[in-house]
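Notes to accompany the following structure.
Per-chain residue numbering starts at 1, and chain names A, B, C and D are given in the order in which the chains are listed.
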Amino acid sequence: GRFGRYGGRYVPESLVPACQAVADEFARAWSDPGFRGSLAGLLSVYAGRPTPLTPALRLSAELDVTVLLKREDLTHTGSHKINNVMGQALLARRMGRARLIAETGAGMHGVATATAGALLGLPVKVFMGERDVERQAHNVFRMRLLGAEVVPVSTGSRTLKDATSEAMRHWVADADEAYYCVGSVIGPHPYPMMVREFQRVIGDEARRQCAAELPAAVPDYVVACVGGGSNAAGTFAGFVGTAAKLVGVEAEGGAGASNGEIGVLHGFQSLFLQDEDGHIEEAHSMAAGLDYPGVGPEHAHLRDLGRARYVTVSDAEAIAAAVRLARTEGILPAIESAHALAWVIRAAGTSDLPAGSTVLVTLSGRGDKDVATLMAETEL
Amino acid sequence: GRFGRYGGRYVPESLVPACQAVADEFARAWSDPGFRGSLAGLLSVYAGRPTPLTPALRLSAELDVTVLLKREDLTHTGSHKINNVMGQALLARRMGRARLIAETGAGMHGVATATAGALLGLPVKVFMGERDVERQAHNVFRMRLLGAEVVPVSTGSRTLKDATSEAMRHWVADADEAYYCVGSVIGPHPYPMMVREFQRVIGDEARRQCAAELPAAVPDYVVACVGGGSNAAGTFAGFVGTAAKLVGVEAEGGAGASNGEIGVLHGFQSLFLQDEDGHIEEAHSMAAGLDYPGVGPEHAHLRDLGRARYVTVSDAEAIAAAVRLARTEGILPAIESAHALAWVIRAAGTSDLPAGSTVLVTLSGRGDKDVATLMAETEL
Amino acid sequence: MPYITGGVRPDWTAYLTAFEDAGADMIEVGLPFSDPTVDGPTIQEASDTALARGATPAAVLADLAAIRVGIPLIASTYANIALRPGFAAALRAARISGLIVPDLPVDELAGLSVPGIEVSLLASPATPDDRLAEIGRRSQGFVYVISVMGTTGERDRLAPSAAALAARVRQATELPVLLGFGISTPEQAAEAAAVADGVIVGAAVMRRVLDGAGPAEAGAFVASLRAALSRPAGVG
Amino acid sequence: MPYITGGVRPDWTAYLTAFEDAGADMIEVGLPFSDPTVDGPTIQEASDTALARGATPAAVLADLAAIRVGIPLIASTYANIALRPGFAAALRAARISGLIVPDLPVDELAGLSVPGIEVSLLASPATPDDRLAEIGRRSQGFVYVISVMGTTGERDRLAPSAAALAARVRQATELPVLLGFGISTPEQAAEAAAVADGVIVGAAVMRRVLDGAGPAEAGAFVASLRAALSRPAGVG
């Protein structure tokens, strides 16, 4: 359950058996070809895998680096989140659990969980801060369309952190029946490891695609955005054993790996933004998926090892990168994914990313959800 | 240029040479393995083809018919429109045209054309009625993000029909430089035939997938929604030579094939809603993509032949079908595509679609664009 | 040949008499259609105005049947109207002698059945020679030469392409050659008449009608155009 | 053992004296944390109130260092606070003798270094026997028995699971067994005391404090609980 100094299982005693049950069942399932076949089948016939590796030809010419885009934006529901929730929902069914619970901030993980629940006929309860319920009425409605129950949380700041607390409380009280579906490579063991395994399909596919497309078989750089870090963890998993340089790109205002200190939150030890008293600080990013004060424990470990590098990008750089990709390739990326591109654009031609390099960028999701935000922020 | 009584090329003399140039170049391109290879390559690495054939397991169990969904909702930009615009944009480039022009109503075809233009570096001019520009600010912004110029049209009713007229006027004045990108199986020859050919990838893929998945190799029924009718034309093209029964589903308020009379509009002869004086009537459907007073000429011909059947579905039935698919399969279809499903739901178990049948339904697009409309129309 | 959109004003037939008095040799009467895709903004506005007044092709033709005009009347309308059953009979009842259908090119002519009515075809600067020959062969009454690539509407000066095309059309037909699209001033009319047998003036007339010009004023404008045509035999 | 959130009111240390006077055997002092994920709404509200007042673990411990209480003080806080360097020294300076860290289960105990402080572990109804044995072996001071699956907070009656678990824990340890979670009335306290060595009452006390009960009123509530414990030697 550890990645170097990080990870672990910091949960109330009441939840230890529930976490252990998930860990045990995941271990069995992951070594069961039947389970893996079911998951691979769903990801293929339902979620649209494999996703393409798209050469960004015009952007590459402008930057003088070869940019390859791993297209998670083309999956069902529009982001890599589906890889993970399909895996966990199948696991929950295998465990005989009666329902799924999840927390959500902007609503993306909630929609993904509601989707998986609808597909498998598992009722879904999504905990969401009251303020987020108001701000994200579209996604609330979408979850309800999918048959999920959205539970508004009125405690504390009435946002994601409170929704997370409430979901955990609910899990404690209903640990026998409910399966807690975590949305990123965070949480108590086995979640960070398990979610990485469910997301490694991104990296494994990309590795094969690169081997088929690139003379060198492996790109020089592999770049992904990092909030909790699940799309990056899944991407890196395919390349950690190669010579590719790994780069995780955080939002300036939510840079746990870049600016955090060691601490414990949400069941795991990792790097968190916190004040001198040990209180967790709020993250600030226009990208809801990067708006998290910590980072998955494996990323903290990869940073310590020097195997991956973590950098930050501002909101403004991310917006500019999103617009640029739309203009050059006809692809509007999620503002989260645009962070990864923004670093590539900034670094191209410098010693960080020399001219002539080949760089794989994971487009974790599509930008349709961000059009309103971009409209408010951009003059066209 | 004819499909039985329908089709033709009813355009001003000024445009005849331009249409003929498109027809000639398309004929050359379509028999050129290089062109077809380029297009197939882009559809694969860029647009995410092939799209899956997803068995709708829970809905099938409820209806007692086997429902297979052809997932055009998973393509880049979220609908089958991309198949056509990629083909036409490649053709425009092959013809050395300097820019693309298109008209759009709700904005979907405009966004698709802007996408193709951005990818190939071709400037795009999209004509859009002023009222639509106001109502569809999101899509206008999206087109501009993609680098397209949106030209508001202030004549007449300031909606799609005026945008179409204005685009054709513009084409007349700029026929040497501009390529007119038509969004459906409508318009003067060669557009209805050419767009069908670009969309037949839907039917060809589905045919192969059915052959691999179904004991009978071919479904009993093939169902698709019909506005102009491009996703249906593309789907039907793969099955017209089989024993499958073809069903086109129109919106009650835009049922050219079901309720229209022979006439000429937008350069082609077909079935149109019109009054006793020969004035074209406005269509009324909550599905922007079905809100068209006519139908592609090949559909009119298939109807006359009895080879395909055309039926209508109300707005309310379509909404209910969209919600039902979200609940049973975790897929929110475009409200257009929901029309096809609504007919399946209504007909299942009747002599129109007997219990035990196998039915292929083309999900032409995803429903994300319709969430606001559904919110206004549905109480959850 | 001046143009008037049928039904654009309650007194629209009075313009016909005024145009006749102004020396017009023929008059083109537009039958309004719901989707005038080929027309420019002025004629489209006239068409919308007529439709909003409840004008229908049948009503316009009925208005014509009720009056007497001493010069030929040419109807122009869209294919959707022209291809309807009974259309030829309605034209004949209104004493219409000719027809222009701008969205019905020569290739689709076989589908149009209007016995007793002369169908004039259009030629455009983009039309190649072999096609021009067919148009010349199959056109009736006259050939309508589109002076520029574009739609109907006023323009500052006669396009240079006009003369060249008119000359090419003359090679292809014995019929009179009329020049249209974008002719709006007596100077342009004179220029045009130098290369063609006559001119068709649509938008420039309708602009004035839409701006409130009554039959007398519109007739005076037509007279000014007619006077500018140097050749007395021109079909003005 | 009553509970108070450190820093919840300016006069919060006065509650400690009141609880001592009311007969409490020990007092649990909560050190507020920004993300109290394990606590129920009442304690979370108390924690947020304290944080809003600017309470920090250091300030709360400094408040304690400045007063004298004659009974043991047990700190409770979250792992993120407990694992920080210097935490043990701060506890000792505040004369804290024990520590509860609800999100730090026995598996993670090795990472916690608080020499001189007794770390009490929790047992839950879901804990299997072998694990209970390890908890009994490694807990210090007492074992905190979670009477129900769920978070802190008031409930109508003592859960039936409580007695069974308390008995299982007794098999696993020589330490006193304290029952907590959901005990809010003297009747429940009496029920609990019948199966355990004492009870921990948190939310029921804090609800009153948040509703405005001063030290005297809160002390009276604690006294009523204390009186209900039938066994005089009970750790109330």
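Note that in this section a residue touches a chain if its C-beta (ideal position, glycine included) is under 8 Å from a C-beta of that chain, and two chains touch if they have at least 3 such contacts.
According to UniProt, the chain labels map to these proteins: C, D = Tryptophan synthase alpha chain.
Just so it is clear, the structure is predicted and the values come from calculations on it, not from any experiment.
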| Which neighbours does subunit A have in common with subunit B? | none
| query | With chain centres defined as C-alpha means, what is the inter-centre distance between subunit B and subunit D in Å? | reply | 66
| message | I'd like to verify one number: the distance from the centre of subunit A to the centre of subunit D, where each centre is the average of its C-alpha atoms, in whole angstrom. | response | 37
| field | Mean-CA-position distance for subunit C and subunit A (Å) | value | 66
| note | Rounded to the nearest Å, the gap between Cα centres of subunit C and subunit D is 96
| query | Quick one: which chain pairs are touching? | reply | A-B, A-D, B-C
| said: Looking at the complex, which residues from subunit B come into contact with subunit A? | reply: 44-46, 48, 51-55, 58, 71, 73-76, 78, 114-119, 121, 137-138, 141-142, 144-147, 322-323, 326-332, 368, 371-372, 374-375, 378, 380
| field | subunit A - residues contacting subunit D, complex | value | 8-14, 16-18, 155-156, 161, 164-165, 168-169, 172-175, 263-267, 269, 272, 274, 277-280
| query | Hey, which residues of subunit C end up touching subunit B in the complex? | reply | 33-38, 40-41, 44-45, 48, 51, 56-58, 78-81, 83-84, 102-108, 111, 121-128, 131, 135, 146, 149-151
